[in-house]
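Worksheet: the structure to be examined is printed underneath.
When the chains are written out, they are named A, B, C and D in that same order, and each has its own residue count from 1.
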Amino acid sequence: MTAPTHTEGRPAAAAPSQTAPAIELRGISKAFGAVQANKDISIRVERGTIHGIIGENGAGKSTLMSILYGFYKADSGEILIGGQRTDIPDSQAAIRAGIGMVFQHFKLVENFTVLENVVLGAEDGAFLRPSLVKARRLLVDLAREYELNVDPDAKIENLGVGMQQRVEILKALYRQADILILDEPTGVLTPSEADHLFRILRGLRDEGKTIILITHKLREIMDVTDNVSVMRRGEMTATVRTADTSPSELAELMVGRKVLLRVDKTPARPGPVVLKVENLKVTDDKGVERLRGIDLEVRAGEILGVAGVAGNGQSELLEVLGGISDATGTVTLNGTPLDLSGPRADGRSRRHAGIAHVPEDRHRLGLILDFTAWENTGFGYHDLPDYCRGALMDQTALRNDTRGKMERFDVRPADCWLHAKSFSGGNQQKIVLAREIERNPDLLLVGQPTRGVDIGAIEFIHQRLIELRDAGKAILLVSVELDEIFALSDRIAVMFDGRIMGERLPGQTDETELGMMMAGMDGKAR
Amino acid sequence: MDTMPRWADIALIPLINLTLALLVSALVIALIGENPAQAMGVMIRGAVGSAYGWGYTLYYATNFIFTGLAVAVAFHARLFNIGGEGQAALGGLGVAIVCLSVPWPHWTLALPAAVLGGALFGAAWAAIPAWLQATRGSHIVITTIMFNFIASALLVYLLVNVLKVPGSMAPETARFPEGARLPSAYDWGAWMGFGRSAPLNVAFFVALACCVAVWVLIWKTRLGYEIRAFGQSEAAAKYAGIRPVRTIMITMLISGGLAGLMAVNAVQGEAERLVIDSVQGAGFVGIAVALMGRSHPLGVLLAALLFGALYQGGAELEFEMPAISREMIVVIQALVILFTGALDNMVRGPVEGLFRRRRKGAT
Amino acid sequence: ATAEPGLIIDLGGKFDKSFNESAYNGAQRWLEESGASYRETELQSEAQREQSMRRMAESGANPVVVLGFANASTLEKVAPDYPDTNFTIVDMVVDQPNVQSVVFKEHEGSFLVGVLAAMASDSGTVSFIGGMDVPLISKFACGYAQGVKAVNPDANVIVNMTGTTPTAWNDPVKGAELTRAQISQGSDVVYAAAGGTGIGVLQAAADEGILSIGVDSNQNYLHPGYVLTSMVKRVDNAVYEAFEAGAAGEFQPGIKVMGLDNNGVGWALDENNEPLITESMKATVEETKTRIIAGEITVHDYTTDGSCPAY
Amino acid sequence: MDLATVIQLLDSTLRLATPLLLACLAGLFSERAGIFDIGLEGKMLAAAFFSAAVAAMTGNVWIGLLAGTAASLALAALHGLASITFRGNQLISGVAINFLASGLTVLIGQTWFQLGGRTPSLEGAARFQEITLPLAGVLEPVPVIGPLYANVLSGHTILVYVGLLAVPATWYVLFRTRFGLRLRAVGENPGAVDTAGVSVVGLRFSAVLICGLLCGLAGAYLATGLSAGFVKEMSAGRGFIALAALIFAKWRPWYALAACLLFGLLEALGNRFQSLEVLGVTLPTQFMQALPYILTVVILAGFVGKAIPPRAGGAAYVKER
């Protein structure tokens, strides 16, 4: 294998027709049991463009791309690559056809190095060393060309998500992909990481590569794509030139109704201090200090937004406050100190004290995916008197409660017997939110409330959080989405390297300043 | 996804699997030069064809219910308890101590005490591996295997040097006094045709009660909810305030206790004394029973009955057709485990396809 | 027409090369000589003891021979339910009117092979490998040690047991390893009473060039030139005689002791070990045998008090 | 303890460790690829039987070795069929294989030899013979090293050396070859392997078959190297101890060597010092026999941290995005 070759604006790969679209799908259909995930979908993706695909959760975007990548087999329809009919029975065939895919959930081996992940499946010979040596050289080249710097010898598990994503892109480039599919690549990225990614994508496009980008964020579509296709309920509803459309039009195409793109909220009326954190320190099991003395306050009736690049201690902050990990320092809730270690520093005691917690990672922490919806509604609250009869659980009460919550939070499908794993991300998030918000806590901890959630659901979730604030509750919001921080927060704290870099009021700052603070620079000084 | 009606899922598929296992067994019997039809007939009649057969089938099944439930409960917390063998052996010690140390006036008093003794000793033997897993992260699979060996050494020592009747050759305790002996099937079920020899005894009802208790525990109680949640995701359990150490300890104590209860059947009910190796591999069969029963008490009950029937049918086979050596039964068991447990999808796939096609045809 | 006799082979199986196999051989010999038939079954698990006994009795077999001490308490329970059936139990005493108990004086036989071991040993260290540390096995070990010490009071007798699980009787690998460990401690004659494990012991002894002593059946043929002798325990005779007596209607309940005097135990001499046994060895062991029979030498039976004077 | 005792102990350790080591490496391949295998015991047993049986019939141990390995491979393929092709439960499949081997070996053995499942004793060329390593005689007089080389390392059957060499070989294959990279990846994240265009099924099958091969060697060593014939159930739980060693070794080849040698040493010590007098009290035999297991638990609790198995281990691979 040689380094990807590229000449002016066009791939060197033999193309039967220079005018043929890079990809053309004709009449693709795919059903999972009774669910028709893709219905007779046809789409053309022009060579050398960035093509966006949007749609609600469960619209069928990932399914369509998985078919293109040979992960699923379509029930009917055909695929044309560069104008030629191509059979893609497996990923090997897709790779041969020059397609690379970056999955929403990365396909990386956590305890392998970057280099090992890159060469995996594309090794040169039976022995590793030559491949690794060559890949290392190539990575240097690619890094130079596309601003894709990563430490080749770092273990994936020690890398942030942004870096992991670069590794995924490098994997595709290493395989000389001409067509790159990215499924919700920015869901976990900070704004600056996302900007960097888009610079890379534009660079790749200018080299002649074709890029398909799936996202829920209309701003990104407007920013970076040339064309955009909209999917709804398994069907392709429209394909338009990005230049000829607007976010509100796209939103309407997606959801089938008008969507509020900005949250309406009245100014906060902060009450007494609910949460007071002083000199909070956390050391992880590797002995690294993750929180280096945090001080903050959240008052009743206000939302404190914590911004920061992922991995700067926000997760640890939430986990300590939620009782998942131990810490030192003082934390008081309504003036009463909380235990930060020992048997009473656990999630149960925190809930009794009046703290509710919507964790950042709903799959890992917030839900038991193999439990039913009603079982998940009791999760963490399973020993509350309303759900118990002695040592037994009052399942009827729990189910009735779940039905009510599902209705009020518009969870679809509203079937409390379904397993959590069979709901879409947005609906899973609503189940968690309903559980935590409806406990009417004094303090709500929320991490990444809208990650991977479509705009219809985002609107809904944001409204609920504002309502809770207006009911006089304190909310600590952690998000890497600056948009979200700006939309919801009454005060903004920026975290960097386990410390609070400073606090700003949303009206008196902007993304640039926050971005600098998030990078560890004092925004005010400059 | 509901591609199959429920009855097909829980009855048809296992039945096909079982048939396949028996067919292959028949093939093996034919290969060693015996008549498979006759052999199968002997086995089935021997296991379930008479009250006599049932007396044994249910006795063996009782053992497997206890050890199967033990493995199943631990499985719900994603703990693989291979230590049923040792825990049941220690349970035997507990039962023997209870039965021998008090002059019990009547079995109705001795039984609850023995249940307590067996469960306590079994639980105690599970406690150390559990504690090491919970606090030191020592892999419970290794520690429970080790504890099986340690248990057998301990029991040989105690039986030879401490508990043996002086002057006797046999490394076994004295026979339990009259008041500590459990009524056998003959005592309460003679009208059903159970003979004097039936080892089946009231411990069977203890086992059934345990099935119900485990079902309630796992699916109806808060503790069961916590155990299942912990088994699904330790991280999420922590988020919910479910304490890992406590959950591991409680689960393993229950598991060990259940294994220990096996002694109520085998030691108190049947042998009426403690002998060397009173467990006879039932701890390991319990693993197969739990796996095949999908860790559900009803499944465990059915799988235990199946294995009990195989044990008893096999014994009859051995008696009626001496040319078939007793290892044939082990082979049949293996094939049953293989087909009904591990190769389940081999049958499931085609059957599902059949139903899907039928449904498509209907709509 | 008398009833068919029955034989219940104990755990371990009829081809264990020792105890059960010996019983099986006795039954086979009776079969060939009498031309009649008998019923036979093999135990598969502990719980089947009672099942098999009752099954055998109900099938009309008479007499029913059961093997091994582990059956005693079961037979105690079962025998009264079948007053018309005669039972013979080997290795244990059961006091019932329809039970004949056959016990062997293994300690006497072991004493004899101990004498031979001591005389054959150059190093003055000999050894014993048992299956499990249970009284019956200690009875072998203790008789052996007494025999050794009778010839050479300064001799060192190493006694090892294989294990504590049922695999202890079927682990030739461990048997061989124990043998090698004993050899490194100086042993040059090893006596094995460990079922299938003994096969490994005899093999390792042959491989390492030392002498071994077999048990129960005559195992001299296994490694000619290396097996010094075998302590034979004539379970076959016990079974044969029980069958014979049954057929003749001469069943006698009570205890039947099989010792050196009635050829119940003994040492094996055949063409395989002839070169190993010198005239003086032969003379000494035969004289010892006579003296034991005459009561001039008393061999202590370990199972009577759980202790051994020789170690 | 004098040198002779030490040498005897180490010599015995090496012999006892070899079947554990081969089985442990077998398990390592399988589990590194994400297929749990509690059927090591059964495969070893089957290999022990068929190697001894065929060696007895042909008088040639090499043909026996082939047969034993083939039997183990067949069981491995069955495990693969159940747990990879049909996505069955790996634990159930392993349990079934253990039962199957335990029953079939005796059944077939009885049919072939009429010896109750035993095979005839192997003699001469039907057994592996001990090999004296080069220079063993010359080096022996050198203090300490000499006896260690001549009496501990030298004088074992070929499979002991195969077992020892299998350690670096395993390490090399796993960490220095393409196959190893893919194999480790498929045990950690089969999705990554699948999307990289490599067959998950193919990789896992190869791993399971390698496991079968090594178990075959382990079993053959038991019956034709360590002993001279097959006795029923002669694996005597060694497959489970190997599994324990594997977890102990945290799924790493060199650690596996150390773990197996440790287990071997503990067993050798238990054999050598069956009645130990401590402060005038003679410890019961049973205590000494349980000591290796007690020590294992103590070491595990005291010195070895949490063992993290391959992340995708135990679960069948189902495609998901």
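Here, a contact is a pair of C-beta atoms (placed from the backbone, for glycine too) under 8 Å apart; a residue touches a chain by one contact, two chains touch by 3 or more.
Since we're looking at a predicted model, the values are computed, not measured.
**Q** Across the interfaces B-D and A-D, which one involves more C-beta pairs in contact?
**A** Greater number of contacting C-beta pairs: B-D.
**Q** How many Å are there between the centre of chain B and the centre of chain D, using C-alpha atoms for each centre?
**A** 29
**Q** Which integer distance in Å separates the CA centroid of chain A from that of chain D?
**A** Centre separation, chain A to chain D: 46 Å.
**Q** Can you work out the whole-Å distance between the CA centroids of chain A and chain C?
**A** Centre-to-centre distance between chain A and chain C: 75 Å.
**Q** Taking the mean of the C-alpha atoms as each chain's centre, how many Å separate chain A from chain B?
**A** 47
**Q** Give me the residue numbers in chain B that touch at least two other chains, ranges are fine.
**A** 149, 153, 156-157, 160, 325, 329
**Q** Can you list the chain A residues in contact with two or more other chains?
**A** As it turns out, chain A has no residue touching two or more other chains.
**Q** Considering chain D alone, which of its residues make contact with at least two other chains?
**A** Residue numbers touching two or more other chains: 110, 117, 237, 286, 289-290.
**Q** Hey, which chains are touching each other here?
**A** A-B, A-D, B-C, B-D, C-D
**Q** Going by the contact rule at the top, pick out the chain A residues touching chain D in the complex.
**A** Its residues touching chain D are 62, 66, 69, 71-72, 90-92, 94-95, 101, 103-105, 107-112, 116-117, 119-123, 125-129, 131, 171, 183.
**Q** What does chain D use to touch chain A in their complex?
**A** Going through chain D, the ones touching chain A are 175-182, 184-185, 188-189, 191-198, 311, 319, 321.
**Q** Report the residues of chain A in contact with chain B in the complex, numbered from low to high.
**A** 32-34, 322-324, 343, 346-351, 357, 359, 364-371, 375, 378-380, 382-383, 388, 391-393, 395
**Q** Flag every residue of chain B that touches chain D in the complex, lowest number first.
**A** Contact set of chain B toward chain D: 28, 32-33, 80, 82, 128-129, 132, 136-139, 141-143, 145-147, 149-150, 153-154, 156-157, 160-161, 284, 287-288, 291-292, 325, 327-335, 337-338, 341-346, 349.
**Q** Show which residues of chain C lie in contact with chain B when the two form their complex.
**A** Within the complex, chain C contacts chain B at residues 13, 40-42, 44-48, 50-52, 54-55, 69-70, 72-73, 76, 78, 81, 91-92, 132-136, 139, 164-166, 303-304, 306.
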